[in-house]
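In what follows, structures are represented as structure tokens.
Both of the next two complexes hold chain A, though its partner changes from chain B to chain C.
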Partner chain A sequence: MSIFDAIGIAGTGVTVNRKWMDAVSDNLANINTATRTSDPAYEAKYVVAAEAADGKGTQVAGVVTGSAEGRRVYEPTNPLADAQGYVKYPDIDMSSQMTSLMMAQRAYQANLQTITTAKEAYTSALQLGKG
Partner chain B sequence: MSDLTSVALHTALNGLQARQRAIADNIANINTKGYLANKVQFEDALAGAIASGDPASAATSGISTKKSLEPTREDGNNVNLDEETISNISTNLSYQTVLSALNSKYSLLRTAMSSQ
Partner chain C sequence: MSIESIGGVGDVASSLGTLAAGYGQGIADTDNAQMTSAIGGGSGTTYTGSVSALAPTGISGIGTNTSVDGSSGTDFASLLSGGIDKLQGLQSTSDDLAVKAATGDLTNVHDYMIASNEAQLATQLTVAVRNKAVDAFNEIMRMQV
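Right after this comes the complex of A and B.
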């Protein structure tokens, strides 16, 4: 166990939650990305967090993708529309993405706060014996 | 430096540091499915060791980490962010208090060493 463990551990939490926010922003950016019905729709990304292998913090265990099936929308004026006038939109639920975004943001802030608190404690420890 | 006070304070520092590490781990894993929070206990063991006049005995065996038995959320995780935040703040304050006690101890020693 290193003496500055708490900072490193909270750092892994910051990283995982940033990656999660990246994935959510990618999903939200593509929420209105239309594709031809013959092509796969944009697949939403879902970050899976797991306890770090060495027991120090957390890590991204993998990314699960949503369905490429998408939903068919009737838009005959869309240049990508097929002969029947349909295009494909990704199957992304805006409200669940926003909820994820808030969870990731709060967890990100909580981890940063842990770093600040640990830093305070270690800074005091460095003053030991000086006064 | 191996008097009862110094040893007790050092043991307390180690215990508080272990708790701080556990809190960081718990908060880092707040969104990890199936993760159970770690809780560090050392105060009772330390108090017992001080009472029996041998605080050094708590230094190795007295600090224990246990998985929390609190009920879990639907994803099997039982980290409670407000509890961890409060524990983080109080651990930090205790840590600083112990450090200042150690500092007083050292300055007392310094006075004793420098007096003619």
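Right after this comes the complex of A and C.
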């Protein structure tokens, strides 16, 4: 990865943004997951990015999870409802998740564009002096 | 860098000196010994200077190209074999990921695309270096002695 550093670095960015999209996808998939009030609600996942250890690119430093408290919703018809008729829904904000999704998508595409541009640059360097 | 010094238009003389030094033979034995030794000696000294100047950057630098450049200024064969070794490594990485893609073990789609692009670029680079070297060699062979 020494000659093509730009490509490798952008590759780490693509990886991080793919994981971010995975996390958002997980959150959106579970946004309507009801649980018993005695159980913890689904915890939203938030990917934390950090600079790579070798200083080349980025990496996922860890995943922060949201609160397991959730929102208590009165749904007596839900089979998971407790004696008072309440169930728990995860505390996930749909609009902020969609915003994160768009940011992850744009960042993913930006890194892919870096790869394309770097490849074009390297290819034109190889054409040097060929007229 | 050494591509340019070999392929450069104005550097045929130093290329000749380099080649003579690299293969350790020949032109000094011919009847034109005086002129050859002057060229060979001159460019040889210059080259040693630049090699020792390059050596620290070659070792500490991140570029394989640079380190190959620094360690084998007089030996084009090791430059080429180093490049081919690197190319082989990139291609085997790409092949491994291709197998993973086929078996469904690939976690990152872009990893394979990046590896295959890198292998492709490295192949093009190696071919370009080889073509330049062959061009320079042909140029020298056409030289009237």
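The working rule: the second predicted complex is superposed on the first by the 126 of 131 C-alpha atoms of A that agree within 3 Å, B and C clash if a C-alpha of one lies under 4 Å from a C-alpha of the other, contacts with A are read in each partner's own complex, and residues count from 1 in each chain.
In this section, a contact is a pair of C-beta atoms (placed from the backbone, for glycine too) under 8 Å apart; a residue touches a chain by one contact, two chains touch by 3 or more.
Model, not experiment: these values are computed from the prediction.
Undergrad: Between chain B and chain C, point out the one touching more chain A residues.
TA: Comparing touch counts on chain A for chain B and chain C gives B.
Undergrad: Going by the contact rule set out at the top, does A:Ala121 touch chain B (first), chain C (second), both, or neither?
TA: first
Undergrad: Check whether A:Asp5 is in contact with chain B, with chain C, with both or with neither, and answer first, second, both or neither.
TA: Both partners, chain B and chain C.
Undergrad: Considering only touches as defined above, state whether A:Ala110 meets chain B (first), chain C (second), both or neither.
TA: first
Undergrad: Contact-wise, after the overlay, does A:Arg18 reach chain B, chain C, both or neither (first, second, both, neither)?
TA: A:Arg18: touches chain C, not chain B.
Undergrad: For A:Asp39 in the superposed arrangement: first (chain B), second (chain C), both or neither?
TA: Touch status of A:Asp39: no partner.
Undergrad: Quick check for you: in the superposed arrangement, does A:Asp26 touch first (chain B), second (chain C), both or neither?
TA: neither
Undergrad: Once chain A of both complexes is superposed, is A:Asp93 in touch with chain B (first), chain C (second), both, or neither?
TA: The answer is neither, since A:Asp93 touches no partner chain.
Undergrad: List the residues of chain A that touch chain B in one complex and chain C in the other.
TA: 1, 3, 5, 7, 129
Undergrad: So in the complex, which bits of chain A are touching chain B?
TA: 1, 3, 5-7, 9-10, 12-13, 16-17, 20, 48-51, 55-58, 103-104, 106-107, 110-111, 113-114, 117-118, 120-121, 124-125, 127-131
Undergrad: If you look only at chain A, which of its residues touch chain C in the complex?
TA: 1-5, 7-8, 11, 14-15, 18, 112, 115, 119, 122-123, 126, 129
Undergrad: Which bits of chain B are touching chain A when the two form their complex?
TA: 17, 20-21, 23-25, 27-33, 35, 81, 84-85, 88-89, 91-92, 95-96, 99, 102-103, 106-107
Undergrad: Report the residues of chain C in contact with chain A in the complex, numbered from low to high.
TA: Within the complex, chain C contacts chain A at residues 7, 62-65, 86, 108, 110-111, 114, 117-118, 121-122, 124-125, 128.
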